[in-house]
Structures are given as structure tokens and as C-alpha cells.
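In the two complexes that follow, chain A is the common piece, with chain B as its partner first and chain C second.
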Partner chain A sequence: MQVDSGTILNIQKLSVAFQTTSGELNAVRGVDLTLRRGETLAIVGESGSGKSVTAKAVMGLRDSNQIIKAGEILYDLDGQVTDLLKLTKKQMISQVNGRRISMIFQDPTTALNPLLTIGYQLTEGLRIHRKMSRKAAWERGVELLDEVGITQPRQCMKRYPHHLSGGMRQRVVIAAAISCDPEIIICDEPTTALDVTIQAKILELIKTLQKKMNIAIIYITHDLGVVAKVADRVAVMYAGKIVERGTAYEIFFEPRHPYTWGLLLSMPDINAADTRLYSIPGSPPNLLHKVTGDAFAVRNEYALNIDYEEEPPVFKLSGTHEVASWLAHPDAPAIQIPELLRRQIEAKISHGDEQ
Partner chain B sequence: MNTVNDNILEVRDLKQHFRIDRRHSVKAVDGVSFTIKRGSTFGLVGESGSGKSTIGRTVIRLYAPTCGSVKLNGRELGGKLTLQMKQYLTGRVQMIFQDPMASLNPRKKIIDIVAEGLDSNKPRGERNELVYAQLERVGLSREFAGRYPHMFSGGQRQRVGIARAIITDPELIIADECISALDMSIQAQVVNLMKDLQTERGLTYLFIAHDLSMVKYISDYIGVLHMGRLVESGTKDDIFQNPIHPYTKSLISAIPEPNPLTEPHRISRVYDAPAQGIVYANGTERYLTDTHMVLATDGELETWIA
Partner chain C sequence: MLKYVIKRVIISAVTLLTIIVVLFVMLQFMPGSPFNNERLTDVQRASLEAKYGLDKPLWRQFVIYVKNILTGDFGVSYSIQANYPVSSLIANKFQISIQLGLQAGIIGILLGVALGAVSALFHNGFIDSLTTVVSMIGASVPSQVLALGLVYVAAYKLGLFPLVYKPDMPISSTALATISLAIFPMAIAARFTRNEMLEVMSSQYITFAEAKGVPRWRVICIHAMKNTLVPLITTLSPIVIGLMTGSMVIENIFSIPGIGKLFIMGITSNDYNVVLSLSFIFSAMFIGIMLVTDLLYGVIDPRIRLNGGAK
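What follows is the complex of A and B.
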């Protein structure tokens, strides 16, 4: 498998399971993903859909009961295409983590060590990966804090995490993530723990930095509003598989998978009248059990008979748009997207044209 | 007594200060007034630390208010509670918490958790039947009664929380961020259930959340809290169609819209009270209409409306 130009990360058929007391839990069941330089890819899905597990596999954050069943994660390491899954923990830490791929976690409070100063934690990567002297690293740290919009960065360097508010802490985490000029940043629900006003500011900050430094970002989130704000391409995950992927436009305005319809409909529409909220019936499958057919079939009102028997293959709809649903098969009955959703999409498109 | 029937809850100039030491205290809630009409939903929004949860907890008397009055059906809840008042309060006001895992005792069976609010001297059979009825009402089957909280998913646990709240047949339910920990599709299920229960039983909700889009969906009236003060309140349309206070405007502008055509270019408004010279203590409550209130001084109001 070649990593073509422009693609910096290529996940192939990744399957991850967890050994639990009640059996093997197949959290990720064959995920293919590519990431291009400088783009933003959003992975959306409910909790338990495997989006975080996929991201953690890229970072080499392996739980002790985790088994990589299959697949490879190809990444260009110093001109040599390497499978990140084959690297040891030590190699990951010294060559990849923080240096080339860094991660921003959901809760900045637990991501920072409460016993160390901001300055120490922020400059750790610079000292270790970049072999900078303490003094030089400190000066660079001050610049970084300034870059992420912290006023009085010099004072802030000497503070401890508990001195700062949640939004400020997340800014520090972002500063640490960009400190070694990474190529890829994985953001795992970076704003879920923050207030909406701060969320907007943090998203805007990440976006500006991304443009400036040409970083590729993988966003993991369940908030479609956030996806619309940041993403170039979107992958929708359900029960350990990618059920639909495409550009943000395709996912929001030309969705084909019934699960994507359900997700879009369950967002309260801020401009709509008081209709009843749509909710996807039922709950996600238990991945401890073997899934036959389409995992979404039992919650899908448009399910065909074949959905219960055979897993749907991936159908290509355009160069960028793919869907794993039997409904996209040429012989399947033509099912239109729900009337309510169609109207919402039309309203959004016309709203977009106005501006 | 028309007012008693109309307003289930009246909060007047409520203050809740927490003392840290002899000299310092945190003014979590600093002079908040609002009323909730029977059968309606009042949404309380604000960022963390704005005092929204504190208000909810004071209403159900987890805290004794520092000063001000809280009236439930015209009866005063402030000050020292008499035994009678306590009995009046429990059962009539219930609470649903944010994290259903933390608010359900992991060592108790669902049936005992849900039945806890009932009279302890109810005959066993009657008690169990009541629990089954509530479970079925919230969409759980009666077989679940013998199970423990860890055997459920997040959405199901929150349904258990709702069943526990409605079993005493309350008039007012305080929902403190009760859907924030749930997934989008499950949030919709829980919110729909809450709305159904409201129409069925004429429940009143005090809905506390930071997610404005969901608050807009469920609420009839909305109060916007910031730094322990209610900066703006009114009907849903007052707040969303005609927001006056700059803080409300910044909150609304911060909601990300699920529209990839407009959202990437939109920049949210910044709100910085000290920089804009807004001191809440100087402002007074000004009513633009019967329902729409803004906390402002004369000068501020003029510039904001203009």
C-alpha cells in the first residue's frame, strides 16, 4: 500500500477488540480512513461507536485488554512509510506522540498534571523532542501561550492548572499540542466540557492555528454544529464501522444513510417551529455479540430483508461520497429522504445562498 | 387567590452566598427574581459558575437561601423550614440530575431506587405496582425492576431518574442538566418523554442547561444567568427574536448551527463585561414588555436598544 502525495495518514481495515470478562467486545470493525495534509476530518457518532478507540489506536494509546485484530495505520515517518501499529510503545513516544501527531483531550483538567506548573508541562515536548535548553524552551513557551490568546503569558507559565479556568486550561493544552509543530492533531471532543461561548472561541482558535501551521486535524465529536463549523470531510460511525463518509456538504445536504438522517433530524432546529423532536428508536447494539447483517437494521424503519442477513458493502456515490447501506444498491427500492429533513436542508441551503 | 393558582413558584431577590472564611464569601446567586407559571417550562441558561444549579438546589432546599424569598404555591420556603413545610415540599418538588450514574445508588435495585420517594408504610404489593407503572410510563419494561443501575445504558438510567422523580406525583420538577451527558439521539428521546409527561400530568419544569438549542426547544420562558444575576428573561421569542443584553446576544451567537455553508465563516460575538463597562450591581430590572426583562441602567438600555 502506497501513501500517495497529500495523504499523510492512511488507516486500513482497522479492527480493534477488547478482552472483557463477558467476552470479546469488537469496538472497531474494519475502519478505512485517509487524512490529507492540512484538512479537517470529523468523525461523528454516538458514544460506543468506536470513534475514540480509532483515534487512540493512531496515538498508540493501548489499553492492556485491547487487541488489534487486523489492519494497519500507515504514516510517513522520515520518508519511510511505517505501520504505526507495529511500533513499540517506546518508539511511539520518542518518534510520534507529541512530535508528529499530538492529541487534545476532552477534559483539560485531567489532561494537565495538577502538581506541575503550566510552564513545565508546556515545555516538556520542546525539551525532549526538540532538545531545547530549559531557557530557550521557556521563552518559546511564553510565545506559544501568547499565540493561543493567553494574556500575561509570562505570569501564566509559573501558575498551576488549578489557577486557570476551563477555557484557559484548554488553551494551554492546545499550546502544548502545537509546541513541536505536529503534522496531525487529534481532537477528541475538545469542547464538550466547555461552555458554549468558550467553545466557539476555542474552535476558532484551533482553526486559525491550523491554517497558519498547515496541520491536519481529526475531530471526534457528536455535535453536528461543531462538525459544520470545522470539517472539510465527515465520517459517520455506527457500531464500529463507518456507515457514510463524504464532504461536509454531502453529509449535511445529500445524506444517504438512514442513520445520518436520524442524526441530522434529532438536532433541535433553532429556526424551526415547535415540532416534536425526531429520535432514532432503540439503542445501539451490544458489540459483545456478533452482529449479523447491518448493525443499524433493527433501528432502521427503511430496513430491507437483506439488511438482517448480509452486511452492506460500501457503495461509491461520487469521488468523495461513500455509503454502506443496501438502500444505495441499484436494485433497492428508491427511498426518498424524510420530508422533514428535506425541508430543513432546503431552508439551510437557501439561508446559505442569502449570505 | 388567582396568583397562587397561576404561579407555582415565585422567587424574589434570592441571594445565595457561600462563606469561605471570615472575610470572604462567594456570591453564587446575587439577587435573582423570577416566577414560573403552572404547567410551563422555565429554562435557566448560563455558563458554568453562573449560579444556575445553585438556584435549582435552593428551590428544592438543598441549601437554605441567604436572603430573599422562595414561594411554592404561595407558601414561603425561605428561612427555617418547619416540619410541616418540609413535608409539603418533599414530593411536590422533585429533581432529575445530570449524571444518571452518579445519582443512582449502585448497590440498590431499580425498584428500591424508584420507590424511595414513596411512603415507607405503603403495602409492599401496592408499592411495587406503582413502581412498575412508572417504569412502564417512562418506556422501561417491568422486568428491569430487579436489576442494578450498572446494567443500563445512559439513556435508560436517565429514564430511571425520571421514573423516580414522577412517582411522588410532583408539581414541579427541577431538571439540572439532565440531558447533557447523553448522546444526541438519546437526548431527543428523553426530551420527548419529558414533554409527553408534561402534557399528561400538567407538570412544571425548571429546566437548567447550558445547551441553548435544547433549551429553546423545550422552554416556554427563558432566564439568562450570568455571574449570579439574571441579566435577561422573557418568553422564548423575547430571548431569541429580540435579545437585548449583550451577554444574551453572545450566547446565541455562540451556538454552532449545523449548516456547513454558513457556519465556517461565522465569528461569534465576544462579551466582556468589564471591558464594555457593564457593572451588574448598577443595573435594575427593566421591563420592555410584560414578560421581557433586562438588567440594565438607563444609559445601557438606550444604547442596547438603539
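What follows is the complex of A and C.
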């Protein structure tokens, strides 16, 4: 069970599959994750790596063809450690969603109901979970809008989503997410659909609110730029598994998994001499089929023979840093981090571009 | 909003005026005149034409025609009830038709929405398959076929309902007619609600509502229903047209003395004024329902209400 008191969410060996017409698709294949109070954990990976499915499982937002194959999600519910996967959807909605764990969505233009006012959608949680009167909830809503940086919050309450810009809508979604003082917020690509200029402001806002309210945040993203700005700890997901995890420093400056190298190399670097942007060759495996060995082996130029036969175990590199790659095995040939990436990291360190 | 309403009202008025022009022109193309009796002398004919204003220039006739129509004067009936004002003739029959139409429309739409919503919420379940089949049958089987079947089984064989309309039992003697007419709106509403609801339930704002911890009944009733019902308003027009055309046949089958039956009688007995007036009234009703539909759409959907104010 939960070991130290700081842990508020503990995902153990979560496996999720989807029943499709062409068979069972194993989207998440044994994920372990812990989240500590007030920290920011980023889950990074390509589309289809299972990061969103993992996060949605925490909220009990399951598609009808989704099957939880194994695992548990332990969460402290009123002093009692509960497996969220064992709760019914109804229990999740009345006890967990919005109240203790809330979510910020990728596209604020579709996350708000076009036919309901901002005020209604914002105060709904307060009225349901906090049993506030319409009027009290409304006043609190105005405060919340003010808190997320919306000017003229009173007028905004009466408006409909289509009156607002994308950035403002995302602020409303954030306000709704924090309305009931949740302990955890899951941010599913919260800035992907926004203008670059707005992105930084939204990230800053989430960060400020997080500090103020001591909220733990799970960021789901493929944008390493976002991760670098916000994350305390990072988990890199590939083909439904976590292949490397560590502190943000460890992932950005001491990456060990070839996939993490690839991800870091495919980040645009303003100082790069090479004008061509790196991309990882190949494409992720089809999870409808059983994966033998390391799922990343076929795309990995450093793959060892064993990678095609046996799945790599998790090697502990430090108290916080873990990697699932045979390259970390003591008997493995000493393969160095790619030259280009090493130079980039050194450049960053010398620029003082640390967290 | 006001600008939008004014615009729509003006468009409707222009459409109605166009219809009047077309009706009037068609009237001119009719062979002969109302005074075709060969025994009439030229003088008598001229005095009759003077009496009915037919000696005036065409444009004067048109102005009078429009003025009369707008004041509710549709002329007199020639053969159904000679020299009886058409407006009174229609007024007498209107109530029963409206009653029948409302009964069928309301029952059909309510049932359809309920069926559609349930089948969407239990997607691919038994009720869903049942609804799909029922609405397919309802939309494709003509109401008169159903009506004849109902008359044969429920009225003739089982004797549960009267065979024809009886003024002293207005509900039970219109029950079968109502059912036959209600099937079409029910089928349309069910199919439309189901598809719309499925789409709405899979949209992001429903997930957002669930993530906020909104109970399921509230998600369905507040978040999903409104979004489902707004587009449903667009089916109101075809439903009303279906009811109007359906009533012509159904009223004849059940001998219900409504305007549908009157229309058919007017056509078969060459009672031009009756046919023209009813054509005009049907057009006006149709334009009216389209106007109401559009305005309702605006009331419910804020994006349309503001007429492109902010997109």
C-alpha cells in the first residue's frame, strides 16, 4: 500500500485494453506511477503511447469498449485507502471527480458546453459537491474567474463559450477544475490547442494556482518544452509502458533510454547547427499484437539481440531514476548517449538553462 | 435578436405574398368563368361580373383579392355549400383538424424523443435495435396503410373504437387516426434524437461534465438534452408537413370532418374558392411553422441568437 505519507496517488501495474473489431488492443501494459502531494508529474509519450488512457482511468472516464485488465489505483478517500478502479462510475462521480481529482482538457473550444453559460458550467461543481446555493456559488464563481485572470468576471459569468477566446475558455476550464479545491488535477495536453503566446501564460497560471492550493498535477503531453517548464518528475511512456522515469533534471540531462534520447533530439533546438530536425525512425508498434522483447527495439539503432527476445526489466539508477532498457544492464556494451544530444545538453548546462 | 426576428418576419411576409400572386395568376388561367350558364344574357353576365368586381382591371382585382384574403374573406363556396362564405366553412372544420394534428404531433414527438434518447443511452442494446426497426417502419409505411390496418383490427374486429368519427366522442373516435398520424413524427423524432444524442454523448463537454462530477441524470437532462433538442427543432417543419398531408387522407378514411376532408371535397367538386383558400392557409401555416422553428432555434441556441455577433 502507500508507503510514505506524501504519496496521494499510487498506480500499481495498471493494464488497460480496448475491445476492437480486430481484437484486443493493449493500450496500457503494466504502468506503475506514484504522485506526491503538491508535485508535478509529467507523462510524456507519442500519440497512442497510453498516457491519456492512464490518466482517464484515474478519473473513471472509460470508454464502453475499455477493459481494465489488471492493476489498482490507490487513493486516500477520507482516510481510507481505496482502489479507484473498484469504484463504480456513479461512486467516482459523486466522491472523486471534480471534488478531489479534476481534469483540464486539451481543447477548450470543445470542452465547454456551447449552450450553457460560463457561470452555470463553472458553478455546477460547487453546487453539486459543496451544496452551495445558486447565489453563493455564483459569487464564488466570480471570484474564481478573477483568480484565473479573467477581467470583468461578472460579465463573463453570463456569457456563452462562443463569446470567449480559446485562452479565456481554457482559463474557465481551469477555474472549474479548481473550484472544489481538488488534491489532484490531471492536465491532458492543456496548451496544445492554444496559441504559442497564450501557452506560457496558461502554464504559468496553473503553476501559480498549484503552489497556492498545494495541488498535485499530472501533465499528459508530448511537448517536452512544456515538460521542461513545469515538471518535477517525468515518466516517459512508450507502447503502453513506462520506459524511463526520473526527476526532470535526470530526464533532460542524464537520459538513459534510447527512446528518451530520440524524444530529446526531436525537440527543436535554437542553437542547433544542423537545420534538419531529428525524428525517430519507424512508427510505434501495433498493440493489437503481442509485443515480444522490447517494444522499441525495431526503431532503436542501439538495440541488442536480447531486446528482440526478452522484455527489459527496470533498472534502478538512483533513488529517483529508473530505466527499462537492457543497455542499463551491467553486462551490456557501454553505449554512450548520442554525440549530438550530448553537445546539446552541454550547451544547455553552460547556458545555465537549468530548472 | 430583434434584427433577426424582423428579418425573418419580412422574409416570411414576402414568401406569403409570392404565394398569393401565384395563386391569383393560377386563378386567371382557369378555363371559363364562374358564370358559365348559357342562359345568361350578356347584360346579366356583365351585371354579375360588376357585382363580383370582375369588370375591374386585373391589378385592381389583385389588390381587392389581397385585401380580402388578409381580412379573412376567402369568397363564397360554389358547390359544397353554395354561397356560404368559405372562411366560415373552414372555421367550422378547423378545430377538429387542429385537435387531431396536435394530438398526433405531441404524442409522436414525445414518444419519439423518449425512444430515441433511451436507445442512444443504451446504444446497441435491445431497445436500440427495436427503436431502429420501429422508426424505419414508421418512416416508410404510409399512414393510410397503417390506418386501414388499425381500422380493420382495432375497430372492425375488436370493436374497441368507433369505425368513423362521432362528434359526441371526440377522443376515442379520433384515437386510431391519431395513432396513424403519430407514427411518422415519432419515427422522425426517434431517429433524429438517437443520432444526435449519440453524437452529443461522445463529445468532449460531456466528458468535462463527468470529470466535474456531475451526476449522470444531470448530464443527460441538462448537458445532453438541450444540445440534442436544438437540432430536433429542424425536424418540426417536415413533421408538420407530414401531419398536414397525412391528415387529408386520414380524415377521409375516418370520415373526420376536418379541413383535410374539406380540401379533398373541394378538389373533387371543383369548388375553386375552397381549394384556393386552403392552399393559401396550408402555405401560410407552413411558412409560419418555419418562422417559429427559426425563432425557436434562436431562443435556445445562443450562437444563433446573436446573429453572428461574436464568433
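Keep this in mind: the second predicted complex is superposed on the first by the 348 of 355 C-alpha atoms of A that agree within 3 Å, B and C clash if a C-alpha of one lies under 4 Å from a C-alpha of the other, contacts with A are read in each partner's own complex, and residues count from 1 in each chain.
By definition in this document, a residue touches a chain if its C-beta (ideal position, glycine included) is under 8 Å from a C-beta of that chain, and two chains touch if they have at least 3 such contacts.
Owing to the predicted nature of the structure, the values given are computational and were not obtained by experimental measurement.
Once both complexes are superposed via chain A, do chain B and chain C end up clashing or fitting?
Aligned through their shared chain, the two binders fit side by side on chain A.
If you stack the two complexes on chain A, which partner ends up touching A:S102: first (chain B), second (chain C), both, or neither?
In the superposition, A:S102 touches chain C alone.
Give one of first, second, both or neither to describe whether A:I280 is in contact with chain B, with chain C, with both, or with none.
In the superposition, A:I280 touches chain B alone.
In the superposed model, which partner reaches more residues of chain A, chain B or chain C?
The partner making contact with more of chain A's residues is B.
Of the two partner chains, chain B (first) and chain C (second), which one does A:V81 touch, if any: first, second, both, or neither?
In the superposition, A:V81 touches no partner, neither chain B nor chain C.
Of the two partner chains, chain B (first) and chain C (second), which one does A:V227 touch, if any: first, second, both, or neither?
After superposing on A, A:V227 lies in contact with chain B but is clear of chain C.
In the superposed arrangement, does A:A111 touch chain B (first), chain C (second), both or neither?
A:A111: touches chain C, not chain B.
For A:M267, decide between first (touching chain B), second (touching chain C), both and neither.
first
Is A:L288 contacted by the first partner chain B, the second partner chain C, both or neither?
The answer is neither, since A:L288 touches no partner chain.
Just chain B (first), just chain C (second), both, or neither: which does A:T197 touch?
After superposition on chain A, A:T197 lies in contact with chain B alone.
Rounding to a multiple of 10°, what is the angle at chain A's Cα centre between the Cα centres of chain B and chain C in the superposition?
Rounded to the nearest ten degrees, it is 70.
Enter the shortest inter-chain Cα distance between chain B and chain C once the structures share a common frame, rounded to whole Å.
Chain B and chain C, overlaid via chain A, are at closest 8 Å apart by C-alpha.
Across the two complexes, what residues of chain A are contacted by chain B and by chain C?
Shared contact residues on chain A (touching chain B in one complex, chain C in the other): none at all.
Please name which positions on chain B make contact with chain A in the complex.
That would be residues 47-48, 153-156, 183-189, 191-192, 195, 210-214, 216-217, 240, 250-251, 253-268, 270-271 of chain B.
Can you list the chain A residues touching chain B in their complex?
46-47, 166, 195-201, 203-204, 222-231, 248-249, 252-253, 262-264, 266-268, 270, 274, 276-280, 283, 348-349, 351-353, 355
In the complex, go through chain C and note every residue touching chain A.
Of all residues in chain C, those touching chain A are 123, 203-205, 207-216, 218, 222-223, 226-227, 230, 300-303, 310-311.
Quick one: in the complex, what on chain A touches chain C?
59, 61, 64, 89-90, 93-94, 96-99, 102-103, 105, 107, 110-116, 124-125, 128-129, 160, 162-163, 173, 176, 180
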